[in-house]
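As C-alpha cells, here come the structures.
Look at the two complexes coming up: subunit A is in both, with subunit B in one and subunit C in the other.
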Partner chain A sequence: MKQSILGVGLFSFLVSLSMLSYSVQAETVFVTLEKDNALAVVDPIEGKLIKIVDIGLRPRGITLSPDNKYLYVATSDEDTVKIIDTETFAEVGQLPSGEDPETFALNPAGDRLYVSNEDDNLVTVIDVANKKVIAQVKVGVEPEGIVVSPDNRWVISATETTNMIHWIDTKTNTIVENTLVDPRPRAASFVSDNTQLWVTSEIAGTLMILDVNSKQIIKKIRLDIPGVSTDKIQPVGVVIDKERRWGYVAIGPANRVAVINAQTLEVEKFLLVGQRVWNLAFSPDQKRLYTTNGKSNDISIIDLESHKVTKSVGVGRFPWGIVSKP
Partner chain B sequence: MNILHYWRAMWGIIGRELWRFVRQRERFISALVRPLVWLFIFAAGFRAALGLAISPPYETYILYEVYITPGLMGMIQLFNGMQSSLSMVYDREMGSMRILMVCPLPRWFLLVSKLVAGVSVSIVQVYVFLTIAWFYDIEPPLVGYFWVFPALILSGLMLGALGLLLSSFIKQLENFAGVMNFVIFPMFFMSTALYPLWKMKESSELLHSLAFYNPFSQAVELIRFALYGQFNEYAFIYTFCAFSFFMIAAVIGYNPSKGMMMKKGGK
Partner chain C sequence: MNRRIQKTFFLILLWATSLVNATTIQTIKIAYITQEQKVPAALSNLDAFIQQKGLIGAEIAIADNNTTGQFTGQKFNLQKIIVPVSADVVTVFKQLVMDDTFFVITNLPADLLIRLADLDSAKRKLFFDATTTDDELRNSHCRKNILHMLPSRAMRADALAQYMMKKRWKKWFLVTGMSNEDQAYARAIKRAAERFGMKIVTEKQWTHTYDARRTAQSDVPVFTQGVEYDVLVVADEQGLFGEYFQYRSWIPRPVIGTQGLVPTSWHRTHEQWGAVQVQNRFKELAGRWMEEQDYGAYLAVRSIGEASVRTESNQMQILKNYLLGDEFALQGYKGKPLSFRSWNGQLRQPVLLAAARSLVTVAPIEGFLHPKTELDTLGFDQAESTCMNGSKNTNLAPLAIQEDKQSEGENKLQKLKQQIINKLKQFGWK
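Presenting the complex of A and B:
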C-alpha cells in the first residue's frame, strides 16, 4: 500500500514536473509566407513546423500585440493589416493601412501602428483601438524600414530612394529631423536604452550606428565576409539584445547573419543560415534568434549562448516576417 | 597454449606499432599535415560551394570545412591502413615478418593483432586531428566525440583489412605507388568524403553509383553520422560486411599453401 502511494506520488510529481518544464519551454514562432499567402506556425524548441494557416494575399510584415493575444499581419495585395487571434488564428479585424503595406511598427503600449506606404511616400499612423487613421506623415521616396523607440519618443522611417532616416516625433506626428545615410537604408533598430539607432544599408553593405541625441552617424561597420563577393553583402534586418551585448544583422544573399559586439561595435563572426536572409526575431527570453530565409524557404534557429545555428526548418515559399510568442 | 599467450602476442604487436609510430615523428606529423592541408587550404577555397541543401545528419546549413571533416578522418584511416600494409611489405623484405610468422599462434590472430595495432594508431591520429579542427571552429556535439570512437574502430578495421589484403598482393615496396594510384586516389575521390551523394547525382549517375557502393563512402558516412550522435544502419552493415570480406580474403591471401604467398614462392 505504502509503496503504491509512494509510486503514485512520485508519478504525479514527475508529471507535474514535466508539465512545468513544458509550460516554461512552450514558445510559438509565426512566419509570414509571402508566396503561399499563409502563416507558418513553428515550435522552435522541437524545431518543427506545426501547421500552415491561410491568411490573405502576400503577407509580409508581422508584429505581436504587447499582450501576445493578437498578430498584426500586412497582407500587401489586399491593402490591409489584418488582426489575427494567436490562439484560434481567426481574423478579428482589419486596420486601414493604405496601399501595399509591407512593414510597420507598433508602439510599446500597442495602441499606435505606424505603416510605411512605399508607393505613396507616406507613413500612416493608425489608432489601433478605433481602427482609424489619425495622421499621415509625408516622408522621402520609398519608405520601408520603420521602428518606434522603446521610450516611445521617436518613430524612425527609412526611405530607400531618398537615403534618409526621418525622425518623427510621436507627440506631434511630424518630422523633426532627417539624417542622410548610406544608399538604400532597409531596416533600423534602437538599443534598449534609446541612445543609439542602428541602420542597415543594402547597397553600401554597411551597418551605421547613429547617436540619438545628435542624430548623426557615429560609426559605420562594413560587413565584408571573407570569401563572399561584395555584391552579395546586402544587409537588411537588424536586432540588438536587451542587455546590449550583441547585435545581429541579416546579410541577405550572403546567407549569413553577422554577430556584432554591441559594446565595441566590432563584428565578432558570421553565421551561415539559409538563402537570402532578411528578417530576424528574438525568442521572448532572447536565448535564440530566428531568421527568415526567403529563397531556401526555411527559417534558421540560432542558439545565442553558443552563437551556433542549431537547426533550419522548412516552412513554405518565401518566408518573410517572423515573430515569437511565449 | 593459453589466453595469456594470445594477450602477450597481441600487445607485443600493438606495442611495436605504437612504438614505431611514436618514434617516427615525421610519420605522425605527415599523417596530420595531410588532412590539415585539405582542411585549411582545399576546403577554404570551396567555402561557399556548399550550403544549398540540408542533408542528414546535419540539421542546418554547414560550411564546406564542416562537411569534409568526416571525409578527412576517413582519409587518415585510409592512408594509415595502406601504410601498415606498406610496413608489412617492408617487414617481409627485411625479414622481421618471419619472426612474426613463426610465432606459434594462428595466422589469422596475428593478422588481426597487426590490424588492431594499425587501427589504434589511426584513432590516435584522428583524435589529434579533431582537436586541431575544433580550434578551427569545427565543433561537433560532445557526444559525437564519444560515438565516433566505435565507428572509427569499424572503419579503421575495414580499411586496415583492405590494406592487409593488398599487401598480400604486393611483392615489393616500390609497388606502393601503384596502391596510391589505383586504390587510395580512386577510393578517396569517388566517395562522399569531398562531395555529398546528391551533388554527384547532378553531374553523373554512374559516378553516383560508384560512390554509393564504394566501401570508403560508407565508412565515411558511418563516421559522419556518429560524429553527430546518430547511427547510420546501412553504412554500419555495409562497412561490417566489407571488413569481413577483406579480412577473410587477407587471411587466405597470407596462407602460404593457398593464397598469394604461394605465387610469390612462399616468401
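Presenting the complex of A and C:
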C-alpha cells in the first residue's frame, strides 16, 4: 500500500520533471489579430496566451526572418510591412509594401520580400536590407496567395479573379508562365523538393497539385466532407511537411483541416478545429500544426504524431496570420 | 514608280501586321446598350438619381478581363451605346451593333430587350440582361438567346420568405403600390408565401397621395390599424411610399420587401468573400457605391471573360455552350460559384437580405435543401419553369444533355431495383 503511494508519488515527480524539461524546450507562436490591431504571443507547449502586443492597424500577413530575430507584419490599413524585434517587440523598421498589403512571402535567404497588392494587380519586390522597392510585376486581378520556392527559383502569385497561378522568375522578376486554375485560388505551397506546387481553390472547393516542370495540374482533390454542405468547403491555407508525408489544408467555414497523404494524394481524414480556419503554421520541429480560427477567436493546436487536436487557445479578435519561432 | 513601291511595301507591312495580330491576339467584341432615363419622381433627395447605373460595372469587368487577357492573348472590347430618351433603341441597335459583335449586354426594360432579341440579326448573338428582375421574361416570355444576370423577383421573394420562416414571422400584411412593377413584385411575394407556408393576412393597395406632409404621420397608422400580423411587406419598386411604413405603423412591426429589409443581389453593406475589394475598386472609379445594375453588368462581362479564357474562344456558340454547361463557375464575391440555369438562362446566385446599414443574412438560408444545388431553392426551379413550354422558345442547348443524364440515372436506378428484387427472390421473397 505504502509502496504504491510512493510509486505514484515518484511517478508524478518524474512526469512533472519531464514536463519541466519539455517546457524548457521553448517555442513561441505569434498570431496577428486583425480586429484588435495587435499581435498575440502564445506558448504552444503550455497552451497559454502569454501576452498581447499592439502592433498597428489591421495586421494580417506575418513571417519570421530566417535568423528568427525579426517578424515581418503587414499592417494593412497603414499600407506598410513592419519589422518587429521578436524579443523586445519594438518596431525596428518598415518596408514600402504598397497599398493594402495582406499577404507576402520572404525568400529563403531572407533578403527579398514579395508583396501582393490586391487593388493594383501587382506584386511588389522589396530589397529587405535597403528597404527599397526594386521591381513591380504586373499580375492578374486581385493577387492574394504568394510563395517562394525553397530553391528560390520561383515566386508564385495566385490571382483570385483572373484565376491564375503566375510563375515569376526570381532572377528577372518577370512572369515566365501562367497556369489557369479553379476559381478563386487562395493559397499555394511548394513541396520541399520543389517538384510540386499545391494550390487551393476557395470557390471550387479543391486542392490542385501542379507539376513544377510542366506547370500543369496533375491532380485535383475535391475536399468534400460527409455531412457538411458543399458551400462550406472553402479551402484556404495549405502546408506540406518537409518529409512530404502529409499535407494539410484549412477549409474555412467548414471548421476543419484536411489531412492529405502527400505520397498518394488522397484525403486521410478531417480534423475539427475552430471556426473559419484560414491559415496554418508548423512548429519548428514539425511535431505540431497551428491554425488561426477567425470567427472563434482562437488557435487550434494539432499533434501531428496522432493527428489529433490537443488544445485551443483563445487569442483575441479575428486571428489571421500565424508563425512559430523556436 | 518609287511611289508604287512605297505603296506596295506599305500594303505588305499592313498585311503582315494584321497577320501577326490575327495569330497572336484574339478579340472578343462586346456591346453594352442602354437608354437614357427620364429622372423619375422620388420620395426624398437623400439618394441622388444615378443616370448610368450599370455602365461602370461593365467597364471594371472589361479592365479585369483585359488584365487576364494579357496572359491568354485575348483582347476584350466594349462598345458603349447610350440611346437618347427620344431615339428608338431598335433602330440604333441595328445601325451600331455589327455582325461580328456576338455579345450584347443590355440595361433595358423587358419589352425592349425582347424586341432586340427577336431581330433576325440577333440570332447569332447572345444577350446578357444585366438589369431586369422580370419573372415573365424568365418564364413564358423567355428567349433562348438571353441570359439574366440579376435575381428575378421570385428569387428575391423566396429569399425573404426563407428568412421569415426561420424567424417564424409568418403572418404578412402586404401593401402594394399602383404600378405594374409593384403588382409584379406583389405576385412574387404571394407565390413565395404559398411556397414557404407564410400567411398573407391582409393585402391592401396604397392609393394615397405621395406627399410626406400628409401621409407620413396620419395615414399610415390608420392604414395599418386593426390587423394582427408579424411583418409588413411593401411592394413599392420606385420607392414612392414604402419608407413611410417604418416606425409609423399602428403596431410595432418590421418592414420588409422593397423597403426595410430588402432582398438584393448587391448592397453597400456587403463585404464578405472578397466583396470589399470590388466595392473599393468601384468606389474609387465611380465616386459612388456599386449598385445592383453595376453588379449585373460586371457579372455579364466577367461571364464572357471567364468563358472565353477557359474555352480559348470568341465564338458565340462555343461560349454559350460553356456558359450553360456544368463546368462554368463564376466567382461573384458571394462565397459560392455562380452558374446559369439551363432551363431559363437565369444566373444562380445567393440573394443578400440587407437593411440600410447592415447585412442581415444571405439566402439560401441554411436548412433549405435541394437535390441539385441549394441555390435552386430560390425562384422558379426546373420543374416549375414555363420557359421550356414557351411557344416562341425552344429549349436552351444543354438541356438535352441534362435530360439524357437524368434518364441515364433513372436507368441505373431501375437496374439497381431489379437487382435487389432478384436478390430478394433468391432468398424466397415473393
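Everything that follows uses one rule, which is that the second predicted complex is superposed on the first by the 303 of 326 C-alpha atoms of A that agree within 3 Å, B and C clash if a C-alpha of one lies under 4 Å from a C-alpha of the other, contacts with A are read in each partner's own complex, and residues count from 1 in each chain.
By definition in this document, a contact is a pair of C-beta atoms (placed from the backbone, for glycine too) under 8 Å apart; a residue touches a chain by one contact, two chains touch by 3 or more.
It should be emphasised that the depicted structure is a prediction, and the values quoted were computed from it without experimental measurement.
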Practice prompt. Identify whether subunit B and subunit C fit side by side or clash on subunit A in the overlaid structures.
Written response: fit
Worksheet item: When the two structures are overlaid on chain A, which partner does A:Val141 contact: first (subunit B), second (subunit C), both, or neither?
Response: second
Discussion item. According to the stated criteria, A:Glu160 is in contact with first (subunit B), second (subunit C), both, or neither; which is it?
Written reply: second
Worksheet item: So, does A:Ser312 touch the first partner subunit B, the second partner subunit C, both, or neither?
Response: first
Practice prompt. Using the superposition on chain A described above, determine whether A:Asn121 touches subunit B (first), subunit C (second), both, or neither.
Written response: second
Worksheet item: Where does A:Asp303 make contact in the superposed view: on subunit B (first), on subunit C (second), on both, or on neither?
Response: neither
Item to complete: Once the structures are superposed on A, label A:Pro183 by its partner contacts, choosing first (subunit B), second (subunit C), both or neither.
Response: second
Practice prompt. In the overlay, answer first, second, both or neither for which of subunit B and subunit C A:Glu266 touches.
Written response: neither
Worksheet item: Who touches more of subunit A, subunit B or subunit C?
Response: C
Response to the item:
With chain A overlaid, the minimum CA to CA distance between subunit B and subunit C in angstrom is 13
Response to the item:
subunit B and subunit C footprints on subunit A meet at residues none
Worksheet item: Given the complex with subunit C, which residues does subunit A contribute to the contact?
Response: 118-119, 121, 138, 140-142, 159-164, 166, 175, 178, 180, 182-184, 203-204, 229, 231, 234
Worksheet item: Can you name the residues of subunit A that touch subunit B in the complex?
Response: 47, 227-228, 255, 272-275, 296, 300-301, 308-312
Worksheet item: Of all residues in subunit B, which touch subunit A in the complex?
Response: 44, 47-48, 51-52, 54, 59-63, 139
Response to the item:
Contacts from subunit C onto subunit A in the complex sit at residues 64, 67-68, 70-72, 274, 277, 280-281, 302, 306, 309-310, 329-331, 335-337, 366, 374
